[in-house]
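Some structures to go through are shown next.
The same subunit A turns up in both complexes below, where it pairs with subunit B and then with subunit C.
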Partner chain A sequence: MTPVLMAWLEHRAQQLARVRRVLIEDLKVQREPDEIDPDAPLFGTGLGLDSVDAVELVVSLETEFGFRLDDDALARPSMRTVNSLVDLVMRKTGGSHVAP
Partner chain B sequence: MNRSPVVITGQGAVCALGLGLDAIWAELAAGRDGMKPIERFSTATFTTHLGGMVPVPGTLEVDDAKGTRETCIRYSVLAAKEAVARAKVTFANPRRVALVLGTSMGSHLGGLHEGSAEVAAALGIEGPVVTVSTACSSSTNALGIGRDLLDDGLADVVLAGGADVLCPEIFAGFHALGLLSPKKCSPFSEGIGTTLGEGAGFLVLEREADALARGAPFVACFSGYALSGDGYHATSPEPSGAGVARALRATLDDAGLRAEDIDYVNAHGTGTAANDPAEWLAISSVLGSRAEQVPVSSTKSYLAHAQGAAGVLELVCSLLALEHGQVLPTLHFTKPRRRGPSDPVAQTTPRAAKVEHLLSNNSAFGGANAVVAVSKRVTPRRAPVQRPVYVSGFGALLPEAGSKRLGPFKLEALVPTADTRGMDPSARALTGAVALALGDAKLTLSGAARERTGLFVGTTNASPVSWEEFRSTIRERGLVKVSAPAFTRLVLNSATGTAARLLGLRGPTTTLTTGVGSGLVAAALAATYLSSRTDADRLVVGAVDEVDLERDTGRSDAAAALVLTSLPTEGSVRLAGWALAGPRALEEAIASACGAASVTPAREHLDALASGSLASCGAAFQSLRLGAGRTLLVDVSIAASCAVVLERSDA
Partner chain C sequence: MSLRDELRALRTGTALCDESATVALRLSGAAAFATLDRLCPIALALQDTQLKPTLLLCEDGTVFADAYVARDDEAYFLVCEGPSAAELEAWVRQHATGPELEVTRLDGSHRWLSVHGPFAWDLLATCLGGDVVGMPYLTFLRGASGVVCFRAGKTGEFGYELLVPNAEVEALRAGLEQHGREWDLTRVSLAAIDHCALENWFFNIRAEGKAGLTPLELGLQWRLTPGKDAVGSAAVKAHRASARVTCLVSEGAMSPGDVVTHDGAPAGKVLAAVDSPFVGKWVGVVLMDLPLAVPGVGGFVVGGHAARTSSPPVINNRSLYVSPQRHTWADRDSSEFPPLAL
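Moving on, here comes the complex of A and B:
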C-alpha cells in the first residue's frame, strides 16, 4: 500500500469517527460508535432518523466540519447512508472522496 | 350525571382578521385573509416572512418571555370578555363558572396554569381552571372538557377556548421542521406548507335548561366531541388517517349523529404534505359516500395556523358563516393536490349552504386529535352511558430518599421494543411509569385493545433538559438553525405522545395542567370520559414532574401512572367519586366527590385522607387491594381543587 493511500485511509477513518460522533451526540442515535454500520441507511429502518432530524443533521454537519451545504442537500443521494455522508464530508472538506 | 343538551350562548375572538366577531366576519365575508409579512420580529434570515398576526400595532413586546405570556393573557381576556358580553351572562355565583383554556406554547414560560389563573381572575371566574395543552388541538380539546364539566355538574357556565401567540422561537421551530410555506398557505391545494398565526377564542357553554331559564342568546348546539391518539410520530399524523378517523367516528357517536347528517367539515387542513392527505383519508373513510357531497374547507387559508387557538377560532369562523347561511372557502386554491377533498370550496368568498350539523377537526404534535360536532338547532343527546370506573394498576418512578432527582433507570428493560433515541427525562420517566402500571394491571395490549386504551396526563412543564437544549442551539447557532428535534419536545404533551407511541396506546388522549395536583385532575377528567362514553375501555392516567432544580428547589422529580378501566377485574378498586372545584372551594370538591360516591364526607366514613398526588393515589390503591376501605384524596392549586374517592367494598 502506498503512503498516500494509507494517509487517505486514515483520514477517512477519522472523518467516519467524527460523523459517528455527530450521529450519537447531536442526533441521539443510541449506539456505540463501532455499532454504527457504515453502510446503514440514515433514515427509516437503518438508524431510524426521520424528517424531524433531517435539518438537524445538516446543521450538525455544518457546525462540526465548518462547511456550508446547499438547501437541497437533503434530497441528495449523499444523505442515504453513513458512508455516503462520509464521502460528502471528504468532498466538502477539500479531500477527494475517491481513493487515490 | 346530567344529560341536558349543551348550548353555545356566546363567542368572542381575536385573530389575524381583527378584534371581535364583527371585524372578523367583515373579512371572512369579503374573502380577505390576514396573512402579511411579519413586522413584530425580524424574519430576514428565514425563507418565509409571512404570519397571521393579530393587528394590534405597537403594543406588543413578544420577544421576551414575560411579554409572550402577557400577550397571551391579553388576547385571552379580550376574547373571553367578548364571549361573556355576547352571552349576556352575569356570574351570579362565580364559583360555578369554570375556565378551560387550551394553549400550546404561547404562554409557556412561568407555568401555563398561572397564565390561565390570571385570565380567570380578570374575568371574575372562581370555579375550576383547567389548562389543556395538546399542541395544535389544545382549544378543540378544551371545548370538550368544558362540556364534560357541565355534564358532571361541576359548573353552570363554562368559558372554553384557547390562546397562543406567535413568537420568534415558535416561528423558528416550525421553520426548522421545514413546515412553513413561502406563500400564503392554501391547504389541499398545490403549494405545500403552512403559515403560522396567533389569536384567542372563547365560547360560553351552558346546559340548555339554564340557558333557556335566563333567556340567553342561542348561537348553536354543542352536540358532541371526541379525542383520539395516533401513537405514531412526534410531529406527523398516522398517514392512513386512522387516528383522526377514530376521533371523527367517536364524535358522531357522542353526538348521536350519522354520516348522512353532516353537512360541512371544517378541516384541520394545515397545508403540510403530511397532514392534508391523511386528514382527507380519515374524513372520507368515516363519512363514506357522504364525503363526496360534503364541503370540506380549511379556515387556515384565512387566519393562518393559530396553533393551540386554531380549533376554537376555526369553529367561531364556521359558526359566523353558519349564522349567515354560508360555509367558508379555502382561499388561494390553485390546483388540487392528490388525495384531497372532493369539494374543498375552492373559491374566493363564502358560499351559500344549508348546514344543520358540522364537524370541526384538529390534530397535533404528539398525535393528539380532537373533533367537535356543532348543530344549528338543539339536538337531543343520545341515551346516556354510565359505566363504573375501576383502578386496575399502578406504577411509579420516584427519587431515592434524600434526592430530588430521579436516578438512572433502564427504560429498555421495561419496554424492550422502545427506540429511546432523543427522549428527554420527562418522556423516559412517564413512559416508564405507564409501562409499570400496565404491567401491574397485567395488561398486554394488542390490536383493537390499543385503540380502546388511551392516555390522560397531568404535568406542569415540558422537560427543562429539552428547553435548555433548544435555547443552547439558539445561542450557539442562531434562531434560523434552531434544533427541530428539541423544538418538538417543548410542547406540554410531548412526553404523553412519546409514551403513547412507545406503548401503543391509541385511544383518547389529552395533556393538561392545574399546577400541583395536575395528575389527580387528569384522573378525575379521565374518569368522566371513561364513565360517560363508549370509545374507550381503559384510560391510563399519568403524571410527570421534571423539576428545574435551579429555579424550583421545593419540588422533586416524579412520575406515576394509574390504569383506569370500565371492565372490573378481580379485587379491583373503584374510583367511586371525583370532582373539581375552584381553587378556594376545596370543601365543594370534597362534597361533590363524596356525594357522587354516596359517602358522607365525615371522618368516620373515610378510612384515610391523603394529599392527592398521583403517587399517593397509587399508594392508596395499593393498600385498598389488601382490604376493604375508602380513601379520600384531595389537592389544591392556584387553578383548581380536586377530590377523588377510592373505594373497595367487597373484601
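Moving on, here comes the complex of A and C:
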C-alpha cells in the first residue's frame, strides 16, 4: 500500500467517523460508532431514518462540514447509505471520493 | 425472454415472478412472541401489519435464515429465505419458550407470487384494490380471498410479495397477466430478482449467505439490536471480524471463489457477482480484508481484470423518483427520470 493511498484511507476514515458521530448525536441513532455498518441503508430498513430525519440530516451535515447540499441530482443517490454520505462529504469538502 | 429483458422490466416497468425461495410460518398462542423474541436478535416492537427485517442466527453467530417478522393481530408471520419450511419449523419448535405455541406451515396451503418494478403499485391496485398504492414500505395488506400482500421487495424497486391461498393462485395470476398487458408485464425468474438484489446490495442467503459468515462480516449489524439477548447474539458480540463484504466493480468477468489481489497480494475473495447491463460492468460481493474494505479504492485485480471498490447500490433506482401521487404508467418514459447508472 502506497503512502498516498494510506493517507487517503486515513482521511476517509476520519470523515466516516464524523458522519457516524452526526448520526448518533444529531439523528439519535442508538448504536456505537462501530455498530453502524458503512453500507447500511439510512432510510426504511437499515438505520431506520424517516423523511423528517432526512431534513435534520441535511442540516447537520451542512453544519458539521460547512457545505451547502442544494443539488438534488447529487443529493438523492448520496443519501442512501453511510458510505454514500461519506463519498458526498469527500467530494463536497474539496477531496475525491476515489483514491488517487 | 433474455435476462437483460427481465432486468429492464424489473428496473423500468412491471415484472411478475412465480418462482420463490421464501417459506413462511404463522405463529400464534401465548408463547408465540416470546419464542420469536428469543430467536430474533432485533427488538420486536411491532404494530399490527408491520414487518421487521432481521436474521435468525445459529449459536455460533453465523446466519441460519434471512427473515422478516410480521405482526398479524395477535399472531405473527415468520417469512424466511434459507432453510426449508420443515427446517424452519423444527428450528422454531426447538427454541420454543413454552408449550402454548401453534406453528402453522404455509407451504402446503399457499404459494408465493411477487410483483416488482417502479410501476408495480399501479398494476397491483387494479387487481388488489387502491389501498396498495398507499402501503408504507415494510407493511402488509390483507386482501380479498385470503391473499396477503407484503411490501418488502429486494430489488431496490417497488416490490410486493403475495402470499396466495392455493385455490386463488391461478385466478390471481391470470388477472395480473390480463391487466398486466397494459403495463407490459413481464414474467421474470428468481435469477433476475437475485441479480437486482446484488446490484442494490440486498443480502442474499443463497449467495454470500452460504459463506458461513456472521453479521459483522456481512455488514448486517443493523439487523441486530445492540444488547439484545437472542440465539447467536452472544457469539456475534464476542466475534472480531478481519474482513467485510465490499462492492467491487470491474470491466471484466469475475466469479464466486475468484481471489482479489491488491499490489499483487491477496486482499479478498469473490462471493457473488453479476454482469450489470445498466452499469456496463461486473459487480461483485467480495469478502475483503478490513484495511481495504473501503469504497473508492483502485488497484485491485480479479480474473486478470482491473477493479475498483465502490459504494453500493450501483443503480439509481427509478422507484426513488416515481411517486404514486404524481406519476402513472403513462409517465414511464418521462425525461425527468435520471439514468439508472450512477
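We adopt the following convention: the second predicted complex is superposed on the first by the 96 of 100 C-alpha atoms of A that agree within 3 Å, B and C clash if a C-alpha of one lies under 4 Å from a C-alpha of the other, contacts with A are read in each partner's own complex, and residues count from 1 in each chain.
By our rule, a residue touches a chain if its C-beta (ideal position, glycine included) is under 8 Å from a C-beta of that chain, and two chains touch if they have at least 3 such contacts.
A quick note: this is a predicted structure, and the numbers were derived from the prediction, not measured.
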{"item": "Touching partner for A:Gln30 - first (subunit B), second (subunit C), both, neither", "value": "both"}
{"item": "Which superposed partner A:Ala54 touches (first subunit B, second subunit C, both, neither)", "value": "first"}
{"item": "Partner chain(s) touched by A:Asn83 [first = subunit B, second = subunit C, both, neither]", "value": "second"}
{"item": "First, second, both or neither for A:Gly46, with subunit B first and subunit C second", "value": "second"}
{"item": "Subunit B versus subunit C as contact partner of A:Thr63, first or second or both or neither", "value": "first"}
{"item": "Subunit A residues touched - subunit C or subunit B, whichever exceeds", "value": "C"}
{"item": "Subunit C-contacting residues of subunit A that also contact subunit B", "value": "30"}
{"item": "Of subunit B, residues touching subunit A in the complex", "value": "47, 176-178, 233-236, 274, 419-422, 476-477, 481, 483-485, 488"}
{"item": "Complex contacts: residues of subunit A adjacent to subunit C", "value": "1, 5, 9, 12-13, 30-32, 35-41, 44-47, 73, 76-77, 80-81, 83-84, 86-87, 90, 96-99"}
{"item": "Of all residues in subunit C, those that touch subunit A in their complex", "value": "53, 137-138, 201, 219-222, 226, 244-245, 247, 262-263, 291-292, 294-299, 308, 311-313, 316, 320-321, 338, 342"}
{"item": "For the subunit A and subunit B complex, residues of the former touching the latter", "value": "27-30, 48, 50-56, 59, 63, 71"}
